[in-house]
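There are structures below to look over.
Common to both upcoming complexes is subunit A, partnered first by subunit B, then by subunit C.
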Partner chain A sequence: MTESVILEKLATLWPEIIMISGACICMVVGLSPKQAVRRSVVWITGLALAVAGLLLVAPHFGWWAGETSGGAAGLATAMFVRLSVILLGLLLWLTSWGVPDLLPATQVAEAAAAQGRPFNPSMVCRGEYFAFFLFSLTGAMLCASANDLVWLFLALELTSLPTYIMVATGRNHMAAQEAGLKYFFLGALSVAIFLYGFSLVYGATGTTVIVSTQLQPVSIAGYVAGLQGEFPPLLATGLLLSLVGLAFKIAAFPMHFYVADVYQGAATPVTALLAFVPKMAGFVSIMLLLSVIGWPLPVPVMWVLWIMAAVTMTVGNVLGLLQNNVKRVLAYSSIAHSGYLLVGIVAGPTTSAGTLGQGLAAVLFYIVVYGLATIGAFSVLGCLRVNGEEAQTYDEISGLSRRYPGLALLMLISILSLIGLPPLAGFVGKVYLFGSAISGSFIGLMVVAAINTAVSAVYYLRIIGACYFGESRIKIELVATRAGRLSAGLAAIAVLVLGFRGGWLVEATREATRSVSVVDVDTQPQVAAPDHLSSE
Partner chain B sequence: MVVSELHSLVLSHFLFTGAVLFIFGLVGFLCRRNLIMMFLCTEMMFQGVVITLVGFSRFHGNLTGQTFVIFVLTVAAAEAALALGLVVLLFRRKRTLDPEAWGELQG
Partner chain C sequence: MNWLLDLMLVLLLAMPLLSGVVLVLLPDLTKSMVRVFSLLATLATFVLSLIGACFFDWSNPAALSFVKSVEWVGAFGLQFGFGVNAISMWLVLLTTFLMPLVVLGSFSAIQDRVKEFFLWLLILESAMLGVFVATDIVFFHICFEFTLIPLYFLIGIYGSAQRLKAARVFFLYTFTGSMLTFSGLLYVAWRCDWVFSIATLYELAPQRLSEIEQAWVMGAMLAGFAVKVPLFPLHTWLPLAHTEAPTAGSVILAGVLLKLGTYALLQLAIPIAPIAADQFAPIIGLLAVVGILYAALICWVQKDIKKLIAYSSVSHLGFCVLGMFAFNAEGMAGSVMYMINHGLSTGALFLCVGMIYERFHTRQMSQMQGLAQIMPVWSFFMVFFCLASVGLPGLNGFVGEFLTLLGAFRAKYVLGPPYAVMAGFGLIFAAIYILFMVGKVVFGPLKVPRVENGHCLSCDLNLREIVTLTPLAAGCLWLGLQPSFILDTLTEPLEKIVEHLPQRTAVAHYTVDYPRIEVRMHMPMAQATKHAGL
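Presenting the complex of A and B:
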């Protein structure tokens, strides 16, 4: 039985298999002595992403009779998450284009090779960079198809471990190594915490399977359904610890300390990746874990998340006001947006019909919209150089509109979408998200979120003010590759299109979360569900 | 049977050992001022998780927990490789293992 289950599961994972293979090819090809071959790593990465995307949608259009299946989150949610990771991954790929080539070590090694001396592969991390890039995206995609705590743990690790290396090596600067250090150590701590949570959940339920349609094997959701509303403390503690650990991935309240330092220290394209990929993985995992107990959430869990959401957005926005480094501002904005997203998690799917009642659908929509806007903003920043270093402060980007009006316009669109101004996608996302809070009768939380949105406008407008009304005293230059600008442009177009014509994506997210809202397991008590541990 | 020989060991022993290791690791992580010791403390937290999983696995009479342990140990090994690589990189830069030396990013 198990063998066929494994094979069936593997048959649904062709896109991920392609991406992992692409990553392995990148690692090898990046070491090639021929310059043309090792430079093709970027193209291999893009090709792997594109092929994975095509394989993912092929069964849907009937081009290929591949298997599709989701994990605990259901087929449609998994599909939505995987596809959005690939599409935004393509944008991130464009943003990342020149990162390894800009490193001084790479330039030294390439210059030496150009003069006929042998190429020293240990100085160039081009292959590694793009391999880890693909690994991280694959991890986020695998989170969506998890139906087991072990799988979820491995997928989360696959998302995070490569990013630690990308942060530490993506930029030749002490700050990058410091950021890598902080990110890695807090990451290891968070993993230990959510693993302890997972072990307690396993202890309470006796299984690591999240949802199962059959009676055997027993699943966590089945166990919870058999409890008839009771909630053993061991399970509650386990879920709580898991949430605290996952707060690291989404940059939310108890684990948000690292965010500003890491975002500032990492190379800007890596920062763009950090703002989207781990957040997506973390929110999908939180949805999976909470779908086990179902909405409306039990009162203690609801309050924990309520407080997490309120504190996260307030901390993010208040500290964002105090910064004068644009990357730090965007880092605090990332924290604040996690707070807004948690509002949707608290509200969850409600029984009332209508578009505005779907907290989870709103979360999926908002992550994509936030990802687009933030990738746009970071891509613009990533294009700019001051004295060979990244442009980071308000002073350095002031007067951008006079020198590079196009880039300033792209920045404007991204930032306005992050604020949530009407014609742009960020507005649709916020209405959708806060609407779910209203229909779930979380008026208090909605008010906190609305006030926070108003506060956040102050620092966002400072960025725009610097770009459009500041005087340029410092000479800004552009990086050589055009890919970053292309990425920013595509992100801005997507934000505009989703703002004016976002209805289809709202529908898609509603379709995607329909299966999460209704956990279809037998409600009768499970056979092997253990007695509560007090029997020891 | 191993179980009958160890009949005096009950679940709470496993859980207690696991929790103690986890908390010692956590306290050590927060208090130690040496990168390698800090990393070993996170490893200790992992071992606390491992003992908890094994205890629960024995209690429930299934092997899921022990399977989980194998994966946890594998990932812990991967993390160890990464951590030591990172620590060597940092040590070459500053010739110290004190995390306080890395305080440039603030604000």
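Presenting the complex of A and C:
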């Protein structure tokens, strides 16, 4: 690759560059001996997110003549993913507002500084927290612009690596340390698996470029198109291994084992981040990889994903029934929702009449809606403390509506949307997903999803029941953070609005995935397999 | 006036909901102000529905009146479609008529979290009305599902001892069923190129769906609707929910919510999958008959009055389903009549039991006897509604029971005399268990349970309670004497529903055989002659 190509590519990544710069500034500023300066990292983070968001949409409104990055998934998909990561990132930012200040290590260091002793920067993790937060979001955004397996790998790792640290950072709980360690090791395992998968794909195709409009350089999509439906085992193995590895990011079977422990061990706002950002990155990557073989998926891949989807949602929902800890329940619900999302991936873009038959668009819609609802629920939990610890069990949030009716209402809206009850956004998302499944004639899978939705209602109702019917035996306290409540409120409003007026988002997701379906339907026949590969 | 007619149904739906919002926003209301406000809101909704009934096009009862659609998710072709035909109009009226009485009936029963209670009631009214006015299957499904949430809270917060279990079981049972129904509905919509309008599906679905597909779709719809009705093996949620719910919840459950199931069977399941409906009719009829007899026998051994009435609902709704699947004019019209009648009389019975519970804090039959001596007014109403419920000629229950049995008896291919005869035994059982209960509680030597705080030991119904029950009694009497008022309007919409049934079932010449019954019921001569001319 020549220098100018790299510069051209970089010029399309201004929002990401801004966010990385913001993260670096946070790291340095967080160590400042002056308290006011230290505390400003929150604002720097918000500013970086806001500026990145503005830069992203600026070319669209003609404010700035910059370019935006397309990548293999196409310009519109990348735009959609990057924008939704930034917008939901702002909500997550609000949720994490006071988190580093509440960590025991920070409080010790700040107390020492307040008494006039020298400030010990090694104790405080405020700067690191927000820096890693920005790094992780940037990784998810970069996934969407990837057009190269190496790029994709680096972007996925940029999403995950910071979260390993955020899980354990500054917390002296054994549970948090265990969660961090477990997350890291299993994450490393998954990386090894999908990296191996990527290398097999490279071995089979001789290239790491995913899609290319020219014949040179060769691309994986071009190679696959030249195969006329025959798959060399090397390529198929590579793709399947990549999928299994990516299952870790989206918390799907068979890589779901870490989820409950990690979600429980992490601070609640970090859990909210884990529930959305890696999932978004993982699903975009899966869409990218599968777009090279195109929909309808070839039989073995289709069945692997079919079984993965069915088992994932069933495992998530059934194990969710057994939990007493709300964070663990939401963790299993996160697994279950990955299962529903995989339904959309299996169906893919179909040729059915009407909008409903667009599996990938449904995935994008659903993941945003799921992100909103789950961030709302975790934000409410993050506001509550029992004896100075996070409120986690059903007993601890019991009777919430009597003490804090507003928070209970926000919890109610989020949970109802997660159940998929009309007229909230979750319902529109379910219609979209189920509609795509029917259009692709995956009736069996849709019925499995419908039954699972009913099963999931059991544990969601226990949360609502605890909030509204329970008697508060334990004293719940509210942490003095308005930002957390604001975040939960905004998420709830968004869920309501998208439920009643979700048409524009549906259109946006359809626009966003149009190029994906074009990649595999229209350009495939025109790209021939390169000679030197077919002769090998 | 035109804008009012244009927006009639939207307003009807918005009225309780907006009142609920106002109720939440108004600060510092006393408990009685909240109650009066809710009463006024529900009354206003009732008046609005009466205006709607006045302007409804009764000359063309099968057509949709007040049609209006509001765009929802345009990209999917989803919209909020509003419209009523005669059947839905009557059920809308039943709902709006019952709600003020329910509110009035819960004035003294609810003392804690009053505002929340009436808020949920108002939301519930909107959702129920939505089911009846929806002309779009997804909108229909939304309202159908959404009724669960308010009732879940009404049972869970205000119910009696086992309320949590009851609320959970009720929600999960119904939700599971309706998820399957929703899958079926989506499948139908897909086969018709993603059309969601019910009227269009009436035409397209029977053509597009093969026999096998129709059977599956019917099965999916039964999964949701039969739970709601409830049909025999799926009824187990009902006694628990009914018994544990507060009085208002029970009245609404029996009065309107169960009808959502039968209404959906009638308006969606039968016309969309007509061949399957025809094939399934014997099985469904059998389940209905088993339900009638089985639930009646269970009623016989109940010790709790409320539970007895709850099980009697299962038995009664069996008649409703039996008549519907006879596919003839008598049976189907009788089935619709049964929906309305059951709403009035069973709703009233639950109110009566609620009044007893408020006074004595028990519903055990063994603990009370001879209440007629100290509560003559209550006893009058109790006996009156019991008689209406068992189908005393001249009261409303009789019309529905008679017509559904007649329909089942006369059905040539699907059901037949055996079904009607078996179901007829249900009538005898009903008379036994209801009169047994009345004899035990109302008559005989006086026995009153010990009440700890001693209030109301001897007091009869107060004015508010009499005002609550009187309209229901009047309704029972009126519909018993003048059923033709409703029956006449049902013929055309029902014809439209059976239009696509296989020919052998749907009688080509769809005559209505009411006159004879009505003459027997002392119809005014003018009307009787008019019908004789049909």
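What we mean here is this: the second predicted complex is superposed on the first by the 515 of 536 C-alpha atoms of A that agree within 3 Å, B and C clash if a C-alpha of one lies under 4 Å from a C-alpha of the other, contacts with A are read in each partner's own complex, and residues count from 1 in each chain.
Throughout what follows, a contact is a pair of C-beta atoms (placed from the backbone, for glycine too) under 8 Å apart; a residue touches a chain by one contact, two chains touch by 3 or more.
Please read these numbers as outputs of a predicted model, since none were measured by experiment.
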item	value
A:I443 touches, of subunit B and subunit C: first, second, both or neither?	second
Touched partner set for A:S199, first subunit B, second subunit C, both or neither	first
Contact breadth on subunit A, by residue count: subunit C or subunit B	B
Contacts of A:A457 with subunit B and subunit C, given as first, second, both or neither	second
Which superposed partner A:G294 touches (first subunit B, second subunit C, both, neither)	neither
Touching partner for A:P121 - first (subunit B), second (subunit C), both, neither	neither
First, second, both or neither for A:V428, with subunit B first and subunit C second	second
Of subunit A, residues touching subunit B in the complex	149-150, 153-154, 157, 161, 164-165, 168, 174-175, 177-182, 184-185, 188-189, 191-193, 195-196, 198-200, 202-203, 206-208, 260-261, 264-265, 322-323, 325, 328, 530, 533, 536
Subunit A residues touching subunit C - in the complex, by the definition given at the top	352-356, 416, 421-423, 427-428, 431-432, 434-435, 438-439, 443, 446-447, 450-451, 453-454, 457-458, 461, 465, 468-469, 500, 502-503, 506-507, 510
Residues of subunit C defined as touching subunit A within the complex	71-78, 138, 141-142, 145-146, 148-149, 152-153, 156-157, 163-164, 167-168, 171-172, 175-176, 179-180, 182-183, 186-187, 190, 193-194
Contacting residues of subunit B [partner subunit A, same complex]	10-12, 15, 18, 22, 25-26, 29, 35, 38-39, 42, 45-46, 48-49, 52-53, 55-56, 59-60, 62, 64-65, 67-68, 71-72, 75, 78-79, 82-83, 86, 89-90, 93, 99, 102-107
